[in-house]
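By letter and in written order, the chains are A, B and C; residue numbering begins at 1 in each of them.
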Amino acid sequence: MLENVARFVATLEGFAPLLLQGVWVTLKLALLSLLLGLIFGLLGAGAKLSRVRAWRVSAQVYTTLIRGVPDLVLMLLIFYGVQTAVSRLTAVMGWAYLEIDPLTAGVLTLGFIYGAYFTETFRGALLAVPRGQAQAAKALGMKPSQSFIYITFAQMMRFALPGLGNNWMVLLKATALVSIIGLADLVKVAQVAGKSSQQLLSFLLLAGLIYLLLSSASNAVLRWLERRYGGAKQEAQR
Amino acid sequence: MIELILEYWRPFLYSDGQQITGLAMTLWLTSASLCLGLLVALPLSIARVSTRSWVRWPVQGFTYLFRGTPLYVQLLVCYTGIYSLAAVREQPLLDAFFRDALNCTLLAFALNTGAYTTEILAGAIRSMPRGEVEAARALGFDGWKLYTYLIMPSALRRSLPYYSNEVIFMLHSTTLAFTATVPDVLKVARDANAATFLTFESFGIAAAMYLCITFALVGLFHLAEKRWLRFLDPSR
Amino acid sequence: MKKLVLMLSVLASVVVSNWVSANNYEVIRFGADPNYAPFAYKDNTGTLVGFEIDIGNAICAHLKVRCQWVESDFDGLVPSLRAGKIDAILASVTVTEARRKIIDFTSEVFSSPSAMVFKAGTDLGDAKGKSVGYLQGSTQEAYAKRVLAIQGMKVVAYADQEQVYADLVAGRLNASLQDAQQAQSGFLRSPQGAGFELGKVIESELMPSMSAIGIAKGNQALKTLLDQGLAALHADGTYARLQEQYFPGVDMFSGN
């Protein structure tokens, strides 16, 4: 058993640069998808709470479809579908071909999927902000955009934090799925390293350990954020 | 599209002539994993809220491990990783167990959902009103009886909304089964795609099937909540 | 709000900065499945290498274009080609009638028949109940499903060839069905292939031997370019050199 561990540590040095690259790809993918998802989420929440029926219906279709279909199926559909659509668009418009590399495709896919989950979170959070706040802002003469940014949005983030945190944890683990559509993330790199060195289990356990560390780090950051900004949740959690 | 459906409706639904595939396999994976996970989670959740730290910590470690790592990694470890160990292959019982792809998949899924369900139930147990527990104690309920008649039924009810999320999550996670050669709906869709190259149609059918099952499950849980969580309904 | 616009424009510029003019082929994007040693695989440093990789690079050098390699699971290659993610597939894709309906092929790259691999001494005469593994989306899959399954064998599909071998070695499979040369060079000669043997070559119209580069239907321009490249490889001896390097003593080109 101990010689196995020693042997593993020895091969690890050889594969360290590759593994670090995989971790970096995973992090990039997760963070960029988070960004895109937040954008989609805000837009979706706005659409869901809009007075225009068409926006409400489209947003409802968006969230229902995405949350009702498994991530992997969506990834496969979007991965091939988006590229086909873009190719057709560029062909029709006469532009030069627009390349979408695997990382971009992964970010677009995950961002789009988790945008639906963030929509629900933001919607709940927006509704939790007392209406009186927005009304007071109006009474004080603030423009609608100012009222949104400084009053509603700022307070909404407090309520949204727990939901966003949970979704981030799920997103972090969902990045493991993109190895199935070919992106060289941590899981794929661990598999490649493990297969060529005949120590597959050790490398998989190492990948799991790295994910565990990332989850713990995220948890710590989220707890800090909640302590700093999450006044509402703390009151309810006595 | 029509030819696709005509040729693949049977594998998509229940069988490809050799083994159970498609919808039947997906439903089997989902329900078996959830049942096993629930069985595991019932005692573990009680341990999780125990005041004795030597009881609590192993369970906490278990849930920390399985909730902090991706299910895909867990599946890979169970399917390819464990079986690559000579020690496992030499032991006849272990060898027979891990040789079958379905066993490995169910093991990984059950452990994963067991960890999440443990946390859900533990949270529900903790959220039980103290007054009820004190009243039960005053009436002479203690230990085993207290849990069986009071705490667990209440915890199970309170966890329904969160558990419904977990059930949907498990359904969606079964799409990973094809990486361990278990033929579920997604695998049949990939087969159809490989044979006919109709990517959108093949995966679209799979997506539609998952959507229907999800709706059915959400509807079922709605009914369940209406029945069993009536006592918590604020509008009454 | 400003930050939002900034982030959106950063995202847009990342996408736009990858513009490639594919019309006059300054770059040829080849799709490959890196789990098929020695045709295409990854070495210790994670670099893509192999017989077909070298052929592709040599063609690009001759045509004076840049080669870009895109990795994918085998059964994702044709959808990728049709979606426009890649220009050509160089991944031991056998030429079959079913595939010809969807994509076009260049002239031959190599020819190699299929055969089974199993533990030395296994008697596969009694096929019932024995399990055989294969690569999903390959011609071996068609054969396995239409012939072997009818004979009573349990047929199991895998996302990549390496997993087939892993399960064969582990004992989950009794046999695996794949390209004979790939089995010989990519598995039987490696340490994990010890104790396994290659069965008889299987002749079947479901599993033709000739393999070529797959291109999008109607892409005559690329077909001409690639055919030129392939012919040049034979003319200047590069093909013979690579063949000797990866498959010493074996003739991989049937000349059809």
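Just so we're on the same page, contacts are C-beta pairs under 8 Å (C-beta built on N, C-alpha and C of every residue); 3 or more make two chains touch, one makes a residue touch a chain.
Bear in mind that the values here come from a model prediction, so they are computed numbers and not experimental data.
A complete topology is adopted by the chain contact network, contact being made between every pair of chains. A comparison of the A-C and B-C interfaces places the larger number of contacting C-beta pairs at A-C.
With centres defined as mean CA coordinates, chain B is found 23 Å away from chain A. Separation between the centroids of chain A and chain C, computed from CA atoms only, is 33 Å.
A separation of 37 Å divides the Cα centre of chain B from that of chain C. Residue numbers of chain B whose C-beta contacts span two or more other chains: 80, 84, 179, 199. Multi-chain contact residues of chain C (touching two or more other chains) are listed as 79, 82-83, 159, 166. Looking at chain A, one finds that residues 80-81, 180, 200 touch two or more other chains. By the touch criterion given at the top, residues 75, 78-79, 82-83, 98, 102, 133, 136-137, 141, 149, 154-159, 163, 166-167, 170-172 of chain C touch chain B in their complex.
Interface residues of chain C facing chain A in the complex, by the touch rule stated above, are 1, 4, 7-8, 11, 14-16, 18-23, 42-46, 70-73, 76, 79-80, 82-85, 159, 162, 166, 191-192. Listed in rising order, the residues of chain A touching chain C in the complex are 14-15, 18, 21, 32, 35-36, 39, 80-81, 83-84, 86-87, 96-102, 104, 145, 149, 180-182, 184, 189, 192, 195-196, 198, 200. Residues 65, 67-74, 76-77, 80-81, 173-177, 179-180, 187, 191, 200-201, 204-205, 207-208, 211-212, 215-216 of chain A are the ones that touch chain B when the two sit in their complex.
Listed in rising order, the residues of chain B touching chain A in the complex are 64-65, 67-74, 76-77, 80-82, 84-85, 168, 171-176, 179, 186, 189, 199-200, 203-204, 206-207, 210-211, 214-215.
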